[in-house]
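What follows is a short report on a single structure.
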Amino acid sequence: MAERKSALVISAHAADFVWRCGGAIALHQARGYDVTVVCLSYGERGESARLWKDGKTLGEVKSIRRKEAEAAAKALNVHDIQFFDLGDYPLVVDQDSKMRLVDVLRSVQPRFMLCHSKYDPYNTDHMYATEVALEVRMIAQAWGHNPGEQVLGAPQLYLFEPHQTEQMGWKPDTLLDITEVWDQKRAAIECMEGQQHLWDYYTNVAENRGNQFRRNSGGQAGGRPARFAEAFQSVFPRTVDEL
Amino acid sequence: MAERKSALVISAHAADFVWRCGGAIALHQARGYDVTVVCLSYGERGESARLWKDGKTLGEVKSIRRKEAEAAAKALNVHDIQFFDLGDYPLVVDQDSKMRLVDVLRSVQPRFMLCHSKYDPYNTDHMYATEVALEVRMIAQAWGHNPGEQVLGAPQLYLFEPHQTEQMGWKPDTLLDITEVWDQKRAAIECMEGQQHLWDYYTNVAENRGNQFRRNSGGQAGGRPARFAEAFQSVFPRTVDEL
Amino acid sequence: MAERKSALVISAHAADFVWRCGGAIALHQARGYDVTVVCLSYGERGESARLWKDGKTLGEVKSIRRKEAEAAAKALNVHDIQFFDLGDYPLVVDQDSKMRLVDVLRSVQPRFMLCHSKYDPYNTDHMYATEVALEVRMIAQAWGHNPGEQVLGAPQLYLFEPHQTEQMGWKPDTLLDITEVWDQKRAAIECMEGQQHLWDYYTNVAENRGNQFRRNSGGQAGGRPARFAEAFQSVFPRTVDEL
Amino acid sequence: MAERKSALVISAHAADFVWRCGGAIALHQARGYDVTVVCLSYGERGESARLWKDGKTLGEVKSIRRKEAEAAAKALNVHDIQFFDLGDYPLVVDQDSKMRLVDVLRSVQPRFMLCHSKYDPYNTDHMYATEVALEVRMIAQAWGHNPGEQVLGAPQLYLFEPHQTEQMGWKPDTLLDITEVWDQKRAAIECMEGQQHLWDYYTNVAENRGNQFRRNSGGQAGGRPARFAEAFQSVFPRTVDEL
Amino acid sequence: MAERKSALVISAHAADFVWRCGGAIALHQARGYDVTVVCLSYGERGESARLWKDGKTLGEVKSIRRKEAEAAAKALNVHDIQFFDLGDYPLVVDQDSKMRLVDVLRSVQPRFMLCHSKYDPYNTDHMYATEVALEVRMIAQAWGHNPGEQVLGAPQLYLFEPHQTEQMGWKPDTLLDITEVWDQKRAAIECMEGQQHLWDYYTNVAENRGNQFRRNSGGQAGGRPARFAEAFQSVFPRTVDEL
Amino acid sequence: MAERKSALVISAHAADFVWRCGGAIALHQARGYDVTVVCLSYGERGESARLWKDGKTLGEVKSIRRKEAEAAAKALNVHDIQFFDLGDYPLVVDQDSKMRLVDVLRSVQPRFMLCHSKYDPYNTDHMYATEVALEVRMIAQAWGHNPGEQVLGAPQLYLFEPHQTEQMGWKPDTLLDITEVWDQKRAAIECMEGQQHLWDYYTNVAENRGNQFRRNSGGQAGGRPARFAEAFQSVFPRTVDEL
């Protein structure tokens, strides 16, 4: 089991993982990783405006959102997607759900984690999810939490791209070339039928991050011709053998 | 020429490259890099207190400082060390010297550069050197500067560790394991006879950065047993294929 | 009902709205707005020292504070003032009270909201109130929260002036000329009998913000002769037709 | 002369005003402003890679860049464009050129100014231009500088959008709807023949800022349907009569 | 009782007070202070890896950790040490425990308090402890909290040194010479048998802070020859009679 | 000479030392310090609007400003005031003037220095003066600068209060009680006849800083009844024997 590399995405709402790190997911699956996605809620109340306008019930909204997320996960070749169904707007993660998330962390043993920006005045669920991610990462590292289980190492926590990045104080330090999996990401995006106003937005983001990738990898002086990229902010320092 | 990888260190004073990135230099030399060091000044006025107390003249101080730096460079197996002799306290880099530095940049074509922190209220030479480093990097990238020459790509600029890191607003994001070259770094440090009060200081720093390396690479859960490390802050985002 | 413009003030303690945005309230009432003030607590324990020194009971303190706040609200011509009576030092807003606040937001449909600074190490109730304000704003915008109700748009959240502004990391970006309603604000201030040590303090603040208004509107080169002003920090970007 | 409103753009290189505030220029011209653009350099060395690759001489590059900028200015209906021809990579503004810029400021008497972000590690010309902008604004306000001339008031300085916004620490607080002049901006962009790799980049930026405009003006709850927008960061607080 | 000066340390886990402010404790005891230490938890789950590896039970771990902390407190001559035993990883301080902490604050009436850094992504217990410290300080100052008791004045809150200072955004503004009590601090450190990997780490820290003390007190120009120091960040401004 | 303590104020324009640290000057003179003030310019062009409006010539303006500054210095009992007459708007300190300032620093051997905030978008002379202050402090500390002279120790650099503090990113960490010398400060303020619009402004500031002093020294719980105070931001950490 330990032989395959793994990664874990914690998504406050069902669709966040698609816009914000769909490329990273598909790419790492292609690179031999098993990527697990935990959706803490369906985003049923706050991110499903079109469905409510259409008169759907809460149960219907959740069911539709789940299906969309599962379809997107399939398009991205996600290894495992779990729905915690904790409610949104506001998201509340109680002590039991935190422990459940710790269990996932220990079971997955991710090389890296992905979650939201540290600050988001538009969407307090997002920053709350990241607070929880840091807390459960700490608990999963504790030798005295469920002694005998394999403790968690020290996976990087990458903060994926929020909407309106500058308002969040989010500054990316890592650009990932997702050109080879772009079609998968776009296919996953198109599973989100209730949020069509964001399809082109995140396509624009991917193209522009691609431009930035080229500029930072050497630009017109011979840099790599990435066409699409995703950007991430690291929480922890990297440990390396070569700069 | 392009076959060997290369790196460039810009050091405000003759000894800075030893304390702050001597390990990185020795390690990358061992990894097949050619590392060039440019000392903008000898640190003759501001960082040679013992020599002045001993009654040395300016010429003598510069000569001694040069010899110490050369000896340290040798201990670190530096590929090339250049002394610009621009004066210190304050360091002033005029337009011609900037162009000379651009020439070095284009000639070396470094994969990465190393320089001081962005801010240093104790030592304005340090932050000024980094301002200059950014300016010459930009000029070296310009197709219209000495057209026909090979332009510079987009090398990372790593800011090496300042004294009293927190006062400089410096936050490392990269920890480099220098255990295998520690003996070389310590030997280089001991070439700096006029600053013995710093030998143990930077040995302590290297040990503690080693501890931090272990913590960030997995700690007691199986992280790598680095004993000595150096820390760096990146100015630009990384471009990667895998997180 | 939608024809009159409206605004909403969320005040952690009963007197905060007076010192910090009394001028804005009176001015917008005069401009045709209906301004609603929600006092989450009376500030009975933490901001009523004189009353406790006089031997008043908890019930008496709350009653006196309420009367003072009502008198101040009247002086400012407040459209509606609501007391949530949630307790102070510490203020705790439970889930039901958050939902009650969401109801107010949806009912008022404010063009803008006013609340405390993001950070306040002296008074954790203040920063907590702003956390809650962001959370309830988000909930009120959700189409799936009490479907069928009119959802909230995207009102600006202005952070009004804290005590010791620099300690709070608060930076105003908006100066409001309150000269024409200054007498009302001073009258409201004088309703706060238990905090006379602050009367002159906030009068000084208003005069000095007036000076800053003049400097930023053109100074001696022809700026507007505002004598009293209030300052605010915006959380969200403005959307405009003209710079 | 004082009857028409005016604005001033300070552009480090000849093309910057197009990508970064072309919409604001065209829009304010349409709103009755006279917008003056000062290009401190042609960006001849650092931002004309294609021309140098084609073997053009310095004189030719400058001439071509000037023509492109003039064509773009025409597309945007710029009132006046001035070329200071101070050289780029690095840009150096000597004392005489600063005084020339002060003269422009006093002559134009802008209601607001536009310039680059405060920080730009990729392009030190950009941040240097903004340092100069603040310095000349101060000088133009001095009653003792060329006594007898009309001194400058206190125009806002808006920092227009840099490339890779997050790396610059740039945070917009103002979103301007440029939908009605988008065609003009795109036409101006297409005048920049040497930088076609940026055409789509800044079209994407404008579309995404349009999305952000809608979100901040009320989103699906009835916000204005802006399709294209530009974003700006204010240096100074606003002075207002109404929040 | 008011005649002896006092100080209060709030330690998230049983050992934190040793590494982070053991010198300050011993020194102030020697200066005539009564220093009280509150350990909110034993750090039993998260900071006792060796004990768990040895197969100890929860009760045994807590007992061992308590004994170690008591021994360290004795080495430092701590006036009073209290164990709240609230659990760790995560630490949770409920309303009753907060009130118990308020009681301690009022009883001790400290001249200054010591607690963790404001931010710690590795260890959310640490930053949570500081949130609680600010909250209980505020409550203890309220005249209406348990009226009749002596309210708390305005003690400084010093944030003691975290691990990996730069990652925490912690910037020290106060360096304390602990040379005269270093032997006591080292003895206390050696009581922490389960964390031997930190003994040398914090010895290095103390030596290097000593170097920084010398540099900031006048360096080679006649500064005081401190050999060991501890560093602190103040939350509140100081009130002084002389700069 | 070394027996009396000393301090040094570096004032960009002739009046700055009055508004921003007049109380600190008078107080330290009363405490046995010799306080030297260096005015880099008279503020003749940029801070003498009224005189220019009255038709004064440059020579007259400088003469009047000098007399006002001398009168204020006398009211504050300044030990020595020196006018460098380097021009303002913009202030330019050439290499020779820097060396002259180094000579003053070494001659005065101040226990602490006072200068402007690090950032000031309204007045680039102010932030430039502080850049220069840090540079000359560094040079004065160099054993190789004019060898044989007494080098400077490590005096604190306090940044005194700017206008519109929050816009400057200035955060005070030290409040100084100036109640006993307030009359002197007010008298000095009234020497600045050309800037009467600032008299009350800085009186308000002093009163409100007094309020903040009381709050931070214990408030209603027994803090010291300071009525007037000045606030300062420290650049360097303090070195202490007791917290």
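A, B, C, D, E and F label the chains in the order they appear, each numbered from 1.
Everything below uses one rule, namely that a contact is a pair of C-beta atoms (placed from the backbone, for glycine too) under 8 Å apart; a residue touches a chain by one contact, two chains touch by 3 or more.
These numbers were taken from a predicted model, which means no experiment stands behind them.
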| item | value |
| --- | --- |
| Chains contacting each of subunit A and subunit B, listed by label | D, E |
| Copies subunit F and subunit E - interface residue numbers shared by over half, same or different | same |
| Per Cα centroids, the chain farthest from subunit C | B |
| Chain whose mean Cα position lies farthest from subunit A | F |
| Centre-of-Cα separation between subunit E and subunit D, whole angstrom | 52 |
| Separation of subunit D from subunit F, taking each centre as the mean of its C-alpha atoms, in whole Å | 37 |
| Subunit C residues counted as touching two or more neighbouring chains | 49, 122, 141, 143, 167, 172, 212, 215, 220, 236-237 |
| Interchain contacts, given as pairs of chains that touch | A-B, A-C, A-D, A-E, B-D, B-E, B-F, C-D, C-E, C-F, D-F, E-F |
| Touching residues (chain side subunit D, partner subunit A) in the complex | 49, 122, 163-167, 169-172, 197-198, 200-201, 204-205, 207-208, 211-212, 215, 220 |
| Contact footprint of subunit D on subunit F as seen in their complex | 44-46, 48-49, 52-53, 58, 61, 88-90, 121-125, 167 |
| Footprint of subunit A on subunit C - complex, ascending | 98, 131, 134-135, 138-139, 141-145, 147, 157, 235-237 |
| Subunit F to subunit E touching residues, read off their complex | 7, 24, 27-28, 31, 112, 141, 143, 151-154, 156, 158, 172-177, 212-213, 215-224, 226, 229, 231-232, 234, 236-243 |
